[in-house]
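Below are structures written as structure tokens.
Okay, so chain A shows up in both of these, paired with chain B first and chain C after.
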Partner chain A sequence: MAALWKTCQQCLRYRFSNVSIYTSITAVNVISKRNFKAHWVAPTLRELKRRKVIEDDLNGGPKIFHRSTFLEWNYDAEIFAFSNRLGEKFNDLSLRAALTHKSYIERETARLSDIGVESNLQFQDNEALSQKGGELLSKFTNGYLRAVFTQVPEELIRAMHDFLTSNPTLETVARHIGLGDLMLCADFPCKTETYVKSFKAIVAALAESSGEERARIFVQDLVVTQLYGQDVNELWNPVDPVGNLTAILKREGKAEPEFRLIRQAGSNSILGVYYVGLYSDKNFISEGAGESLEVAKEMAAREALKKFFRTEDSMRALPFGRQLKNIQSKIAQLENQPNIPLSEWISEKVMSAVH
Partner chain B sequence: MSNSHMFLPSGFIRTPLQNGLGRYIPQLQRITLKFCKNHGGSRGVRDFIESDLMEFAKTNPGTVVYLKPRRHRSPCMVAEYLNGEREYLSCHEFSRDEVHKWLSYMCTRSGIPVMRFRKYQHTDYPTVQGVWNPFTHQAPEINIAEFPHEVLSRPLDHGPTATEQLIEIFKKTQIEDPANKPPN
Partner chain C sequence: MSATKRVQQWSTFSRMWYLYDAQWQDPFHSAKVLSPYLTGQNKPIYHPLNDCGDHVVVINSQEIALRGDEWKKRVYFHHTGYPRGASWTLAWELHQKDPKMIMRKAVFKAITSNLVRRTCIERLHIYPGSEIPEEIKSNLSGQIRPVMPVPKRLQEYSKEEIENYPKVFDFPNDYILR
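For the complex of A and B:
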């Protein structure tokens, strides 16, 4: 009974341990079957695990090995599978160049010259490709954002673009399409910058191999979809929403915004809530809630801006994938056409752009 | 069915990297089939390799297949997924069909570990109209109302009382033209 309780505790403890993306060779997930093991097997394994944990802690983490050090590894097959997995056709040379880093070439030439072999390696690195890929990535993301968020000022577009092309986002995308095993680089475990560089180079390689159209669709399918689940209003923080709102209303020729207290509860307690409504010439625009009057006022102004820019919680769902088929030409057109900046934004200017 | 006796972790259904939203990317990165060339326990795996493996490889070009013939070892397959997870399955004494079925099962998995799904749907946008709060649908008159209030203090589903109904009926009889009084 005591042994059973101990086993249960061990199981629960190991279940909550975090496993990194490149762990040591032992398999983590086992489709379990009925087994009959002798009474000494479990305690032995437990003791070995205990010792292994201690030694790993002394060495600063478990040993990790690159996938290419395994016996079952075929780089050509992996590259073939990579392009098929994504459903794209790559030029072999472009793809290999996109995955090769300068650090790898330097390391290899150094290694060969140490041995004494004359090194005239025909490797091409991905510096130029990643530069071009970065520009393409920016361009395609901006095109999509401007085509979908037609009413939104350029500042918010820039914030969303910065989020989508940020290092963490691109690294996640790069990891999850399998670039980690394919990259030829000197650092292991690979750094964020290496992943990002490879991904950008892949975009450029795709544009070279299959054309810019395919590269645009690729970016839309993989990078832009990371916007799903994000609240776009969290990405951008206007410093003075009340001031911005006043300026917009003034430009449109409407009356100054007037704030009125709509609801209030618990003003004497810590959980006090105030609802402030925003009116322009006695027309209701928006309301906001907050724990104090100032906060509620600011929230009302933010809600009003959201309403103008059509980025409320109830806004239309973002189109992805096949839903973009009809607006691809519009996206391509808007890639080089920034939206109106906040300092000039008025409703009439953006009305014409509504699709 | 309570969860307290289960070691299986539970969670909400999810997919890596919003797979399927843009394009569908098969999550199985590579599969390694290890088998013995002689032993009877590997017969199913060997038959599968001879007959069905090429077709499998053709229909799944995004997955690399590695074959490891190892003497005196029982057969197994190890599947590696794009998010870094691995799945191990022993194929000892499997038939050729079983190997095929388990292999196609591996193809349909993402690397996310097996877990009990709490719900079969998930959304990042649970509300469109906004979450209810006590102020939703409240008449604005409550702001300047003095309570107890004649109308607002009454329960919402409170119909007219019996007295009020009688008064209504009496008023109806009063309004009518005396010339057209209905016979009582």
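For the complex of A and C:
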């Protein structure tokens, strides 16, 4: 493959590279060459790397520079590119305000007053926007979760919501849409709280600019998708699954749960495994496996609850994008309507599934 | 690892305990059937280094059946390593000395010769009769079908079954057989 970069004359002279500046882009014949570098090249590079590693360790990691310190940094162009990258229309003022932090404004005013320039900077910070954005974020995630997980008790909805709106999740999203380069903040490398604040402010800015509908879709596409691949039952599961299961069956008027040993292997060995089945009035509900009878029994109860709540491992994939077209109104409606809590959960009350 | 995944992992890599009745079975054919279970080749998670073999408990190894005149002709060779340490033992002699040896040797040979073979053969439990210790019995979780269906001896048929058995012809009651 022909190289598309230019090689400096020094490197050519010392033959660090086999490619000359005048290589054509369409390379038809590939000529393989042997590597004739001077005997001191490898040891020198090795020594330089060794010293760099030691110095980086002393400084607590390799030096990181903000993108704005590199060539060809045009903040206005970056702002324009950001909104186009996301396919959203932002008000210029709202977007800039969303990306400006109080710490930056304070630093700049202090710097200018040190110089002696009296300036009334027109900057607006993102405090109010991030507050509003946080509320919107919460509202939109709750709406989606309740519309998609109709069978699930409110405790699990809350756990999923807490996971999605947690700082680590929002920081991941913020980093990946490129806010790291765009934020105006005093700290570098930026802290998690800074990223999260900016992201929330972006959500509010979008709601202001393009309407709540667009902001809702934005949150669904970027934040709620972080739930993909996550086992929701790990975010929350009831402390006493057997007790809760018994209560639910009692409320539904069904017989008490009966646990029976279905299969076992190696009971006397350390690798023993037991399969326990859960029956209600001789009807099979679920089975669970475990290294002891107690574990297998608990897993069977957990599987039964998962079956009721429709959060099994084999549950349908979460809908996004076009698949949500018909239920956006339902999502908006359920934003303020919590699901049934576990203490009152009963399958008759949750029969209507939206998707 | 989540609770569900942990339990799934445990049950996937658990070992089965199979029972095999060697009554009137050919040990060499049986060995060919048993060796995949010992190495774990019957599982989709099989890999030579995975150590996923199951346990096999063989009962009635006293009652195995060798083909033709193999009892008289088949010879087991052993050398102690010392001069004049070679010995050739006939199958019936070996079976008298230790009724488990023929079965064990057959299975050992059926497993591919590699470094895991010794581990696999440790998981083969052979008993000459039908008595199994309680510790082993409580582990059992499955059974392997015998290679040859065990025929029913004439003495095992009840009088009613013999009388009611469909016959084409039978001698009259007063006929005297010479």
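By definition in this document, the second predicted complex is superposed on the first by the 311 of 355 C-alpha atoms of A that agree within 3 Å, B and C clash if a C-alpha of one lies under 4 Å from a C-alpha of the other, contacts with A are read in each partner's own complex, and residues count from 1 in each chain.
Note that in this section a contact is a pair of C-beta atoms (placed from the backbone, for glycine too) under 8 Å apart; a residue touches a chain by one contact, two chains touch by 3 or more.
All values derive from a computational prediction rather than experimental measurement.
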By the touch definition at the top of the document, which applies to A:Glu234: first (chain B), second (chain C), both, or neither? second
Going by the contact rule set out at the top, does A:Leu222 touch chain B (first), chain C (second), both, or neither? first
Name the contact category of A:Gly288: first (chain B only), second (chain C only), both, or neither. second
When both complexes are superposed, which of chain B and chain C contacts more residues belonging to chain A? B
Applying the touch criterion given at the start, work out whether A:Ala77 contacts chain B, chain C, both or neither, answering first, second, both or neither. first
Tell me which partner A:Arg302 touches in the superposition: chain B (first), chain C (second), both or neither. second
Partner chain in contact with A:Glu348 - chain B first, chain C second, else both or neither: neither
Pick one for A:Glu118: touches chain B only (first), chain C only (second), both, or neither. neither
Can A:Val30 be said to touch chain B (first), chain C (second), both, or neither? first
Chain A contact set shared between chain B and chain C covers 263-265, 275, 313
Of chain C, residues touching chain A in the complex: 2-5, 7-8, 10-11, 13-17, 55, 135-136, 138-139, 141-142
Inside the complex, what are the residues of chain A that reach chain C? 231, 233-234, 237, 263-269, 271-273, 275, 288-291, 295, 299, 302, 313
Residues on chain A engaged by chain B in the complex (per definition of touch): 11-12, 15, 20-23, 27-31, 33, 71-74, 77-78, 80-82, 84-87, 172-173, 175-178, 180-181, 220-222, 224-226, 228-229, 261-265, 275, 313-314, 317, 320-321
Footprint of chain A on chain B - complex, ascending: 7, 9, 16-18, 21-23, 25-26, 29-30, 32, 61-64, 66, 68, 78, 82-90, 113-114, 124-125, 127-130, 134-135, 138, 140, 143
